[in-house]
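What follows is a single structure, written as structure tokens, with notes after it.
As written, the chains take the letters A, B and C, and residue 1 is the first residue of each chain.
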């Protein structure tokens, strides 16, 4: 199967508000897909629908289907907790726990039943290396994560997410709260990670989309206007609205 | 309004503001003024550590009552803390909106019921119950603790609930996004982060318990002794004052004020600890290790 | 978490959820049992004659009229004294004060005052109002003590309420050329009234429930106090006396029922006020 996630005729409502309208999108395995579009047009809502974080909101309703490897994630038989092991999320604002660096990365592992100190230490080191943070923190694993810089905290959050071995990683504007140097580090990280994970990244920054992703979907007012290969979308957009957005006429 | 009148208004308001400080100083002043003579002539150590309280024999040792007050308080915490914390987490994380709308006035009402009424209820329901099922008179340390448990529930519940609610939402999101269950999130992230606030809540509950007078008098038995078991009657510091003030004179009168001094100091210590933790909390979340 | 192999997280979740629900229900039950029983036994005793007639034979039978009056009288004095002082202090803290040491001391003072046990207030009241100031055992002594106890509550709630008044109100007034005090008096205070009222009601609730603090300050009269120098016996004190001295169980139930009803009324009133107030604030 080439597609890790298939979204079919998805509509999302919060109470009376119709936020996402008739979305259809296929996410390719082991590739990076960007979601671009002006603020408030549903990109974050969309990815939160993919790992069922929207379930936390009382007024959330949906119809249509979201298939992960062929199975609808909203099927009542599906265990949300397991789903979130498979689909991880990195948030816009880095949100490490007020715990040590080690405990942050080990958190997901412990929660899923791994308590062997050696196994944990090994996996924590592995994840921090994969997140390009190991060298900077290997001597201060017991230090509080709150003492790290913004960029380091975000890489820590990525390490934390990777540690549970997800298949998909959702990133909601992961670098927007960071300085340019950290942003570059995060983008490099995304490049590194795509071999092993399917990545969906929401971004405001069109250059970032062209730099990191093979595929892009353009969101406008809760709809996907156009999606496809990044290069094609940016150089030869099919829809006028896409062209207007890309050339900076709005958003 | 002239500038002078404005100035007067400001100074006038200032005086009402420092009134609370003045009152505290007055309270300290008068309590110490009346209580000190007892400590002086009877001897501070004899007073605090004396095991016999018998005014007719000129004996004024309050040790048994200090033990009783502390014992009742700790025992009530034993019951109140688990129940309160479960309830606080319930309100902050689990309860649906309708349930919350019911529980809020319930807790407020529990907080507003006069202590006499609690004592009365204890007297007519709890004491006979204890007598029937556990022997003795029914008036005991345990009875007092049970009534106090109910009385300090609202305090601990509401402050703990606030503490849990103020834990940043991002921590909860991060935990759930990693595939933790709600309970795992509460246990490993929310609760630990709320601990400073919860400790404050418990200490304030302790303060209420130590300071409670009438409810305790009505069910504790009021025998000034060190109990052999929780089913024995005891006399708390507060009870001592309330029971004998009506007819005390001379050194007895002073000794009761001195009991008040002891109580006052106990409360101040608790307050200082609570404030210290409150202050420390701001520092810990910043850069420390939780 | 090493228990993961013994109890799966899903099962642990279900067990804990059950415990949480149980705790909520237990708390509600505790309240229902206590006020339920007291109302069940006490309401039959409460009727017009109970409320409006005098006690007979030291309270062995008859009504509780003088005690209701005592409560109202003493509470009235307490609120009369505490409200201007508490609101005044709140105004100072919210509008004039900086963040210096004096202010920190004032707040610490208010906090400490709020935590002092009622019996210690009782001792102070006796030593200061009754003896030192020579007021004797009367309504005034009791009222003044209760004023001190209600003061921190009124202060803290009023301060919060005043600080919540939008800055724009003050700026609008000052821009027209009103003085600071005029602004406070004409604009800020009126805007803060709902919150201040809540604070006063909470202070009132505290005053009306107190007994230990006024144990040695009001005497133990059985008649209706007329002047503020007459001795009095507020309801909680009456309940304490007839319950512990075994005078009349029925009347004790009745008195307790009256007190419980008072608390319920106050809770409902405060809640409705708070709800209306916050709705008004949100609406802005």
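Everything that follows uses one rule, which is that contacts are C-beta pairs under 8 Å (C-beta built on N, C-alpha and C of every residue); 3 or more make two chains touch, one makes a residue touch a chain.
Just so we're clear, the structure is a prediction, and the values are computed from it rather than from any experiment.
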Fewest touching-chain hops separating chain A from chain C: 1
Longest centre-to-centre distance from chain C, chain (CA-based): A
Identifier of the chain whose CA centre is least distant from the whole-structure CA centre: B
Chain A and chain C: spacing of chain centres that average the CA atoms, whole Å: 52
Inter-chain centre distance, chain B versus chain C - centres from mean C-alpha coordinates, in Å: 17
Length of the line joining the C-alpha centres of chain A and chain B, rounded to whole Å: 49
Per-residue multi-chain contacts in chain C, two or more chains: 1, 9-10
For chain B, residues that touch 2 or more chains besides their own: 180-181, 184, 188
Per-residue overlap in chain A, given as positions that touch at least 2 other chains: 81, 110-112
Of chain C, residues touching chain A in the complex: 1-2, 4-5, 9-10
Complex interface listing, chain B residues touching chain C: 1, 5-6, 9-10, 12-14, 16-21, 23-24, 26-27, 30-31, 33-34, 83, 86-87, 89-91, 93-95, 99, 102-110, 112-121, 123-125, 150, 153, 157, 180-184, 186, 188, 204, 207, 210-214, 217-218, 238, 241-242, 245-246, 256-257, 260, 263-264, 267-268, 270-271
Chain A partner contacts - residues on chain B that touch it in the complex: 168, 170-171, 173-181, 184, 188-189, 192-193, 285-290
Chain C to chain B touching residues, read off their complex: 1, 9-10, 12-13, 16-17, 19-24, 26-28, 30-31, 34-35, 37-38, 84-85, 88-89, 91-93, 96-97, 102, 105-106, 109-113, 115-124, 126-128, 132, 148, 151-152, 155, 179-182, 205, 208-212, 215-216, 236-237, 239-240, 243-244, 249, 252, 256, 259-260, 263-264, 266-268, 270-271
Residue numbers on chain A that touch chain B, as the complex places them: 51, 53, 56, 81-85, 88-89, 91, 93, 95-100, 107-108, 110-112, 142-144, 146-147, 157, 160-161, 164
